[in-house]
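Please find one structure pasted underneath; my questions will follow.
Note that the chains take the letters A, B and C in the order they are written out, and that residue 1 is the start of every chain.
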Amino acid sequence: MNDAKTPTAFWDRTMIGLSAALLVLLIVGLVLPQWALSFGTVGVYLGIVVLGMALLMRTGLVSFGQGLYYCLGAYAAGTLDHFFNLSDLLVMVVAGALLAGVVAGILGLLLARYRDIFFAMLSLAFSMILYGLLVKTSQLGSTDGFGLSVKTFAGIALSGGRARYLIFSFACLLGFVAAAFMHRYWSSHLGRLATAIRDNELRVEYMGESVRRVIHLNYVISATLAGIGGALMAGAIGHVDPETTANWTTSGEFVFIAILGGTGSVFAPFLGAGIFEAVRTFALERFPNTWQMSLGITMLLVMIFLPGGLWSAFRARRRTA
Amino acid sequence: MATILEAKGLSKSFGAVTAANDINARIEQDSVVGLIGSNGAGKTTFINMVTGYLKPSAGTILYQDRDITGMQPRRVTQLGICRSFQIPQLFNTLSVYENIRVGVGIAGRSRSAPRQSEPEARAQIDRLIEDFGLGGYRTQAAGLLPEGVRKALDIAMAVAGRPRVLLLDEPTSGVSADEKFRLMDMVMSALAAQRVTVLFVEHDMDIVSRYTHRILAFYEGRIIADGEPQEVLQHAEVLRYVIGEQLHVSAGKEASRAAD
Amino acid sequence: MTQLPAVVIDGILYASWMFIIAVGLTLVYGVMKILNVAHGSLYALGAYTASTFVAYWLAHGHAPVESYGVLLVAAIVVGLVAGLLIERGLLQFMYGREEIVLVLVTYALFLMLEDLTKLVFGVDPLLISEPYSLLGNLQLGHLIYPVYSIVLVAAAIVVGVVLALVINRTRKGKILRAVIHDREISMAMGVNVSRVYLVTFTVGAMLAALGGALTAPTTSVQPGIGAEVIVLAFAIVVVGGLGSLAGAALGALIVGLVRSAAVHYAPEVELFSVYVVMALVLIVRPKGMFAAAESRKI
């Protein structure tokens, strides 16, 4: 809760931190092994999706349907390569973002009227509708989905041994842009309106602002971020299917990461995503039948003892240092 | 003096319950009007109708000769009518500064006025914090404030909207007796520089007689008296249905205060 | 149109099954304002426990007709134990937090129970067909239906009627309705809300387990059935109205008929037809912020 006695500078602590993180990742990435680069990429694109979830949560809404836009982004990317031979990752990301944004623009008109459980349920319903549609669409591979490959990013060839590093770098770049944008947004009047709406919608309306308009806008932004994440995922993994994108369990994972990381800063979603992916990879290998349980226990512990997510613990320690 | 707000034949029923019954009132610009009446008499219903929270069952509301009956609260506020609440409606997890900043931010971006600059906004926020005695609570979360401060903040947020008409719903309820006058003094001097028409609901007759030019007395959804304070507070029906014993007691208080 | 009777009957059969599962969910929401995501896991637990017990019972040479009793006992026992453990061990510490937080708590619980079930019962599918095949088939015109499905319909009706009677005719039911209406005033009146919550949740858990146990003989019980069922249950409870017993029945019927129609006439839309109905109902029913029917907040 800062007082902002001085004008909000562009290059504040967070922006510098983000830039430093980007530089560090790009440089360190040059020497990281392939598995680490893959892991990092996953953490980034999951983090981008959860960045959008965090915005919604700041507005007081929990969506159980971000998978819808994640899926749209992924399938947009996949379709471009598989059916149109357009294999540029940047084009895919833009397409994913646009598709997600447009659909959210339409669905948001409706969803912005709902809150709490009903918002969660309706968002879940839309996600499951897409899931059901895809499962029954054989041209898109039904439950198996289909594969894709990315050949370039903004014209730069993604070939040979450097491919994974390049994808990782582009992911980090996109992550940086998304986080920077979100940070500026959170510090702006619209960003402040989000938490005000969460605290007291009635008052916001009574002050002359349309709550529905702000919620709609935030919904579109979060959907666009999910679309970007989905497209990145498709490019990085090389495969899309309904189960890992549109099914409600995937949306549930995004909710989980959002709670794990917290919503206090733009770094939090990436922190949460990183830890989630680390635990998942490790647990899936060693304890394939108990990793969900570990997730559940972790989530409960975080919700009970650290309602602000892991980021709040990190922040608290820094303040006392 | 020009009429800024007018209610014509305003009525509101909830099934068999009549909350408001043929309310007619003409509020003059820049006046300070008190709304009195026992609980359930229709005062808050009146405010809720004027500000768009409730749609009247019948009648019209005119603001600057413009029909605003049934308009959404958001639109009513944008036109220049702001209100405070009986139970303070604050952003509990935000600080006092941030609460006011949201209000100033919304008002500063309203379509009816030129866009407020960042320094102007900051100045307005600081001014409001000072005028309403909130300086000592600047960075505290609104949810943790003492009741009197919450009330002051609630009113400050309404004033942040730079209204032409300000409706205060029981501004001093829940505030300790010795704080009441301080709060009202603060509110009134904060408004002194601007041209604002003020209507406030109040149960304390001392406050009402001290600050208002005119009083509207409600009873069972109707206005039973409308006029200057001395007149209304002596009105037979008002004495019977609204004040009861109170005037007698407060007369004693006035006398003892004068003696101090 | 010759398919119509089949569509209707299939719809009713599906609806009965879904009703038993959904009614516990809506009951728990109505009383405790908790949308229990783990309800699906309790269903799975019931299915697994019932399958395991019945398999054990039959393997030890007992009469197949007794397997029905075993089914019921397994469901009741596991529902009781799980319900008690969950409510006392976790939920009771989370009351008072926001609705959505409780949903997330039950979601965490769901994740935990999914794996717990895998650990205890293994990942291989379980099949117990005896209770199902034992009753044989019934012929209605040119349609053939397993008698077991009729039993399911009967069970759904019994559950519905018993619950309705308890809630509307008994003193305990009156207390329940008081708590549904206003928790704080009920507490002020001396109602032991804590106990009401415990009983409600446990009954809900038993109903979920019962749904699972009754379903077990008709399908192969494997990991993931909990996740599948919970979204369907959500759809029904939302369509019928959260917290309403009659709503659960109506919702189950609507969802059952829609799904049956989809299966018969347009199989491509089967999977999402339920969610389309859910979305449509959500669009038409819950209103936004300034709903006229709400009590005055200011």
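Here is the rule we use: contacts are C-beta pairs under 8 Å (C-beta built on N, C-alpha and C of every residue); 3 or more make two chains touch, one makes a residue touch a chain.
None of these values were measured; they are calculated from a predicted model.
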item	value
Farthest chain relative to chain A (centres taken as mean CA coordinates)	B
By mean Cα position, the chain sitting nearest the middle	A
By number of C-beta contact pairs, the top two chains	A-C
Centroid spacing, where centroids are CA-atom means, of chain A and chain C in whole angstrom	33
Chain centre separation (chain B, chain C; CA means) in Å	51
Computed distance of Cα centres, chain B from chain A, in Å	45
Residues of chain A engaged with two or more neighbouring chains	202, 205
For chain C, residues that touch 2 or more chains besides their own	298
Sites on chain B at which at least two other chains make contact	72-73, 89
In the complex with chain A, residue positions of chain B that touch it	51, 72-74, 77-78, 82-83, 89-95, 97-98, 101-103, 105-107, 109-110, 118, 138-139, 141, 157, 160-161
Footprint of chain C on chain A - complex, ascending	62, 110, 113-118, 120-122, 124-126, 128-133, 135-136, 201-202, 205, 211-212, 248-249, 252, 255-256, 259, 289-293, 295-297, 299-300, 303-304
Chain A contact footprint on chain C (complex, rising order)	35, 90, 93-94, 99-101, 103-105, 107-116, 118-119, 123, 227, 231, 234-235, 238, 242, 267-273, 275-276, 278-279, 282-283, 286-289, 297-298
Contact set on chain A toward chain B in their complex	1, 3, 7, 189, 192-193, 195-196, 198-200, 202-210
